[in-house]
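Order of writing sets the labels: A, B, C and D. Residues in every chain begin at 1.
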Amino acid sequence: MQAVIKKKAIELLESGTVNRVLGWKAGEFFYDLTPAVFTTPEQIEKDFVYSVFSGANMSKYLIDESKKEGKVAAFIKPCDGYSFVQLQKEHRIVRENIYAVGLACDGMCDMREIREAGIKGVTSVEEDGETLKIGTIYGEKTMAKKDALLERCVHCKSKKVVDCDEMIGENGEENRDCGRFDEVEKLEAMSPDERFAFWRSQLSRCIRCNACREVCPACSCVKCVFDNPNSGIAQKAAASDFEENNFHIIRAFHVAGRCTDCGECSRVCPEHIPLHLLNRKFIKDMNELYGFYQAGADFESKPPVMNYTTGDAEPSIVYARGGDK
Amino acid sequence: MKTEDMIKEITRISGGNPAKCMKCGKCSGACPAYDEMDYHPHQFVNMVLDGRIEELAGSKGIWNCLSCFACLERCPRSVEPARIIEAVRVVTLRKAGANHLKPDDIPARLDDDIPQQAITSAMRKYAK
Amino acid sequence: MQRIGVFVCWCGSNIAATVDVEAVADALSKEPGVVFATNYQYMCSKSGQDMIREKIKELGLTGVVICSCSPRMHEATFRKTCESAGLNPYMVEIANIREQVSWVHKDKAVGTEKAIILGRAAIAKVQLNTPLIAGQTPVTKRALVIGGGIAGIQTALDIADAGFPVDIVEKNPTIGGKMAQLDKTFPTLDCAACILTPKMVDAGQNENIRILSYSEIEDVKGYIGNFDVKIRRKARYVDEEKCTGCGTCMEKCPMKKVPNEFNMGLDNRTAIYIPFAQAVPKVATIDANYCLKLNTGKCGICSKVCLADAVDYEQKDEILEEKYGAIVVATGFNPISLEKFDEFAYSQSPDVVSSLEFERLMNAAGPTGGTLLRPSDKTHPHTIVFVQCVGSRCDASAEKGKEYCSKICCMYTAKHAMLTREKYPDTEVYVFYIDVRTPGKGFDEFYRRAVEQYNVHYIKGMVGKVVPEGGKLKVQASDLLDNRQIHIDADMVVLAAAIEPDKSARPLATKLTASMDTNDFFTEAHPKLRPVESPTAGIFLSGTCQGPKDIPETVAQAGAAASKVISLLVKDNLVGNPCVAKPDELMCNGCSSCEKVCPYGAITYEDKPFRGPNRTTLIRRVAVVNPAVCQGCGACTVACPSGAMDLLGFSNRQIMAEVDAICK
Amino acid sequence: MQVDKNWTPTIVAFCCNWCSYAGADLSGNNRLSYPANVKIIRIPCSCRLNPMFILRAFQRGADGVILCGCHPGDCHYTTGNYYARRRMTLLFSMLDYLGIEKERTRVEWVSAAEGAKFAATMNEFVEAVTALGENKRLEDFRCKQ
C-alpha cells in the first residue's frame, strides 16, 4: 500500500496536478506518525510513511492547507472522508484546491494494544495480511492485526470514502451494525451512581492538555470559547471537578451533530480517557430520537441540532430513557 | 383475551391502525367480494375499533375475503382493511388452537396455480 | 465601572406590604457600582419619573435599576424616562419584585431577601449593559406581487389604491389565474369572468400597477424595506408595446395543434396565441416549443400578417432589476396530478375528468361553447358521477395524495351538480362524499339546495373503481348508509382533485428565505395573529400559497396583505429592535451553523480580509447579521460553537452575570 | 444522606419573554404562590438558553435549573422552542449519562395564560429538587461560601 501511495504522490507532484502532498511521516518513534507536507518527490521517497499507524485524520490540516497557493494532494481514509465532507459543508476548506485520493482502509493499529498484549521493546511493525510481524529487541513476534486495532477500527462504521477525486483500492460501504454504541449502552444500563463514579474516574484524570480539542476536525474554531477571556468560561487548567466535567460536556455539545465519530479524541488522549463515549452518546441519542444521522455523509443535510420536526420528543423523555436508579 | 387486548393484538398483527380510518368507504367500494360478505371491509375496521371482535370473528364473511388487497391498495388513510381482516382471521385461528395443518403437510397440497401470497398466508395461519 | 442608580418602588402597598423596600434599597446601595439607592411610593408616577431624571443628571448615572413591577408593564416607560434625561434607554434594567416577589410570597423576610437577590441580578446585568441604538433603514416605496391570480390582482389593486407603485410578476402570458378558468362561483353562482375581468382591466389600467406577464423571479437579495429583485422577462417574441391584440396572427398561424392549457388541454390553440379573449395584457405570445419559424426556420406567417409589426423572432429573455420595499407572494395552486389514482380510470378514459376540466366543459368560452358534452364522443352525458376527496385527506404514510382537506371541493362539486341539473334536468347526478364540509356564509344552504331543489343524489361513500366498458364508465362504489355496494353505469366521472401549491412556490421560497411547511404551503409568522405575514420580515402572503382557500377568503386575505404592505410602505424609515445578534468577526468560523437555525434569513456571509501571521492577509468567510431583519431570538447564539455570535441586550456575559448573582 | 432541615434549594428558572415570563407575571397577578427559592431570569426565547448557562448555574450553587418557554408551535419566533427542545433533550440526556441527577433539570412549556401552571410547576419542581438534596455532582467547591 505504501509503495502505491508514494507512487501516486510522486506522480501527482511531477504531473503538476498539485504542488504539495499532505501525508504522514515518522515522528519521534516509528509508530507515532505525524502529518506532514511534502513538496518534492525526494522528500516523499525519503520520509513518506503509510503504515498501520497512519491513523491521524488528515482533514483538519486541510483547513489551512487548502487556503495556500496551489493545489494540495491529500490521502483520505474513510473516517477522514466524513470529516472532509463535514468541513466542506461548513465552508472551512476550499475543495478546488485539493486533490483528494481516497484510500481503502482495513483498520489502523494502536501501539497501546500491542504493548498490552505483552510485547515489549518494539522496534518495528509490519503488516502481513491478517497478522502483524513485530520486531522487538527480544526478537520477532507476531500478533493478529485484529487484536491490535484502534477502538474506532474495531467498530468501524464505514469503509466508504464519501468524496474523493480518485480511489486507491476498492471503495467500501457503510456498516450501521458495527456495534459502536455497545459501550454507551453498557454505561446507560448502569445506575446513575455508577455512571457518576465511572466518569469521575475518567474525567478526573484530564490534564487539560487540549490534545482532544486540537486534533478534533469539528473543534476547528478560529478561537475556542475556552481560550476566549470574554466568553466567561475561559480556563487554562481545570481547577475543580466541575471544570473537568464542564470542558468535556461543552466540547461534546459544541461538536454534536458535526462530530463524525472519527475517534481521534480518544486516540490522542494521553490519559486514555474514552472521550469518544461522550460524542457517541450524543450521536446515539440523535439517531434514536431524530432518525439516523451521520455527519459528513452528504453535502446537504442539516445536523439534527440545527433542525427540528414539530413532533419531536419532549425533553422529559430523558426521565423515561436509559438506566435508572 | 380481553377485548382491549384483542384490539391491541389485531392492530399489532395487522401492522395497521384502525383509528386512522376516516370512514370514507373506499374499501367497500373497491371490494370485489362485497356481496359474499355479511360484514364489509369498512365495517371490519369499525368493528375492530369498537371491540366487536367476537361478532366479527364469528361471521362467515371474514373467510370470504380474497386477500386481493384492492382495499389495501386504495385506502387513502393507510388503514388497510385487508391486513386487519387477515389479523382477525389469524387471531381466531390461534385462539381456536386448531392448527389444521402442520407445516409439513402443506407441500403436498400445493398446486402450481396457488398464488405465492396464499402460501405465505397459509403458513402464517397454520404454522405455530 | 458603571455609576448605577437603584430605585425601589413601593407600588403603594402592592410591594411595600410584603417587601421591606427600605431594606432592599439599603442592601442594594452596598453593591459595587451603585452610587445611589432609594425607595419611593410610585416610581412610575410623574414625580417618580422626575426623580429618576433628576438623579441621572445630578449624579451622572450611567445605569439605572428599577425594582418594581414586571418589565412587561413599565420597561418602556422607564426607558423613555431615562432617554429624556440623556441616558441610553438600554442602560435600564428592571428587577421584577411585584409579580415575582410581593404578590407570590407572603412572608416579608423571605420576600425582602428575594427582592434583594433580584435587585443584585439586575445590577450585575447593568454592569455589562452597553448603550444600544436602534438602527434605521430607509424604505423603498414600491411593492412586488408575485402571481397574478385573483389574490395577486386584489393585493396589487389595494396597494395601488393607497398610492404606492406595484409590479405584478406573472409567469403566464396573462394575469387572471385559476379564477379566469372558472365558470360560475359558489355560493352566489355569479359568473367568474364577470366579476374577475373588470378587476383585471382595472389592474391593467391602473397607473400605479405595472404588469410583468410572462416573467419569473430570478433572484431576490436584501431585506425588509430594501429588496433587490431580478426578474426574468421571458421572450414572448412579440413586442408588447406594439401588439394591439387584434388576433390576426392567431387566425393565420398554421400550427394549430398545440394543447390549450387554458382549456386544460381539452382543445387546441395556435403556436402564437392570446390565452383568452379577456387576457390582460392582451398581447400575443409565441409558444417557442411549437412555433415552426423558431423550430425549423420556415414559416414567419404571423410576422407577415401583423399590421403592427410586433412579431420579433429574435427576442431574447431579459433580466430586469428592481428595488422593492415589500414582496407579496400570491403563487396560488394547481390541482394535483391524477396519474396515481388510476382506480378512477382518469388516464384510461377521456370521460373521466378533473373538476377544473369539468369547469371548462361547462364554460361558455370553453372548448364546447358551454354545452356539456362528453370529451370522447361529444354526446350529452346522462349520468354523471362526482367523486370528492380525490387525493385529499390521505394518510401521511400513504404513497399518494395530501394529508390536508382541500377545502373548496365540497362547494364546487355541489355547484357543478346543481348547474348540471339546472341546465340538463334529464341528467342523473351522483355525488360520492365522505363528509360534506360547508362552513361558510350561505354554504350549507347552497349544498342543501343541490339536494332538495335539484335532487342531486348525495351518497355517503366512496367510489372504489371505475372501469370503461362499452362506451360507459362502470362505477363501483359503496353506499355506507345503506350498507350496500352499488354499481352505476355512468357517462362521465368528475374527480374533485386535491389542490397543491404551485410548483414554482418551493424554489421561490428558497430565494425569499421564506419558510414553508411540508406540503409546500408558505408558513405564516404566527398562525393566529399574523396570518398574512411570512416569518421573513417584508414578505407577505396572499391567497392559496398559504393554504387552501375559496375566493372570498382569498380576496379578504389579499386585502389584509395589502394593508400590511401599505403600513410598511408609508414609513420613511424602519426603526429596528437594537437587541439583535452580533457576530464577532475575529472569532467567526463562517461555518453556517447560525444561518441554519435563523428563522428570518437575517444571516449572510462575506469573505473578508484579516491580518494573518507575518504581515499576510487571510480571507475568511464570516457571518454578517442584518439588524433590520434580525428579530433577536438568539437561536444562532447557541448554534455557534465558537461563541462568536452574541445577542445584544441579552449577551452571554450578561446572562451569566445574572446567574452568578442569583446563585451567590 | 443527611438533610439539613433549614436547607432550601436554589432554583434558577429561565423564562422566555413572550410566554413563560408573562405566565409567571400572571401567577403573580393571581397571587398564586410558589417558593421564593425560584429566581427567574428573562431571556428573549427558549432558544437563547445556552447549555453553558445551565452548567454555570450549577457551578455557582444552583440545585435545579428549569427552562420555561412557549408551547411548541406557539413560539414568538416560530421555531425557537423547537431548537430548544432538541438541545435540552440532548443536554439532559448527557447530564444523566454523566450520572448527574436528571431530576435537577427540566423543561416546561408555559403559555402566557398559564399562571396556574407556572406556580404548580415551580412548586412541584422545588419539591423534587428538595427531595434530591444539595447539588454535589456539578458544584464547584470554590464557589461555596
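One rule holds for everything that comes next: a contact is a pair of C-beta atoms (placed from the backbone, for glycine too) under 8 Å apart; a residue touches a chain by one contact, two chains touch by 3 or more.
Keep in mind the model is a prediction, meaning the values are calculated, not measured.
Colleague: Please identify which chain has its centre, taken as the mean of its CA atoms, farthest from the centre of chain D.
Modeller: Farthest from chain D by mean C-alpha position: B.
Colleague: Just by CA atoms, which chain is the most central one?
Modeller: Taking the mean of all protein C-alpha atoms as reference, the closest chain is C.
Colleague: Counting C-beta pairs in contact, which chain pair has more, C-D or A-C?
Modeller: Answer to which pair has more contacts is C-D.
Colleague: With centres defined as the mean C-alpha position, give me the chain C-chain D separation in Å.
Modeller: 35
Colleague: Can you check how far apart chain B and chain D are, centre to centre, with Cα atoms defining each centre and the answer in Å?
Modeller: 51
Colleague: Roughly how far is chain A from chain C, going centre to centre by Cα mean, in whole Å?
Modeller: Those two chain centres are 45 Å apart.
Colleague: Residue numbers in chain C touching 2 or more other chains?
Modeller: 597, 639, 652, 656
Colleague: Tell me, which residues of chain B touch at least two other chains?
Modeller: Nothing qualifies.
Colleague: Can you pull out the residues of chain A that are in contact with at least two other chains?
Modeller: Only 225, 232, 305-307 qualify.
Colleague: Give the pairs of chains that touch; include all such pairs.
Modeller: So, checking each combination of chains, I get A-C, A-D, B-C, C-D as the touching pairs.
Colleague: Going by the contact rule at the top, pick out the chain D residues touching chain A in the complex.
Modeller: Interface residues on chain D, with respect to chain A: 51-52, 55-56, 58-59, 72-73, 79, 82-83, 85-103, 106-107, 137-142.
Colleague: Considering only the defined contacts, which chain C positions touch chain A in the complex?
Modeller: Its residues touching chain A are 586-593, 596-597, 605, 618-621, 639, 641-644, 652-653, 656.
Colleague: Enumerate the contact residues on chain B facing chain C in the complex.
Modeller: Of all residues in chain B, those touching chain C are 20, 22-31, 34-35, 40, 42-43, 70-71, 73-79.
Colleague: Given the complex with chain C, which residues does chain A contribute to the contact?
Modeller: 67, 89-92, 218, 220-225, 228, 230-232, 254-255, 258, 302-303, 305-307
Colleague: Using the touch definition from the top, list the residues of chain C that touch chain D in their complex.
Modeller: 70-73, 96, 98-101, 103-107, 110-111, 113-114, 117-118, 121, 515, 523, 525-527, 535, 579, 597, 599, 631-635, 637-639, 647, 650, 652, 655-656, 658-660, 662-664
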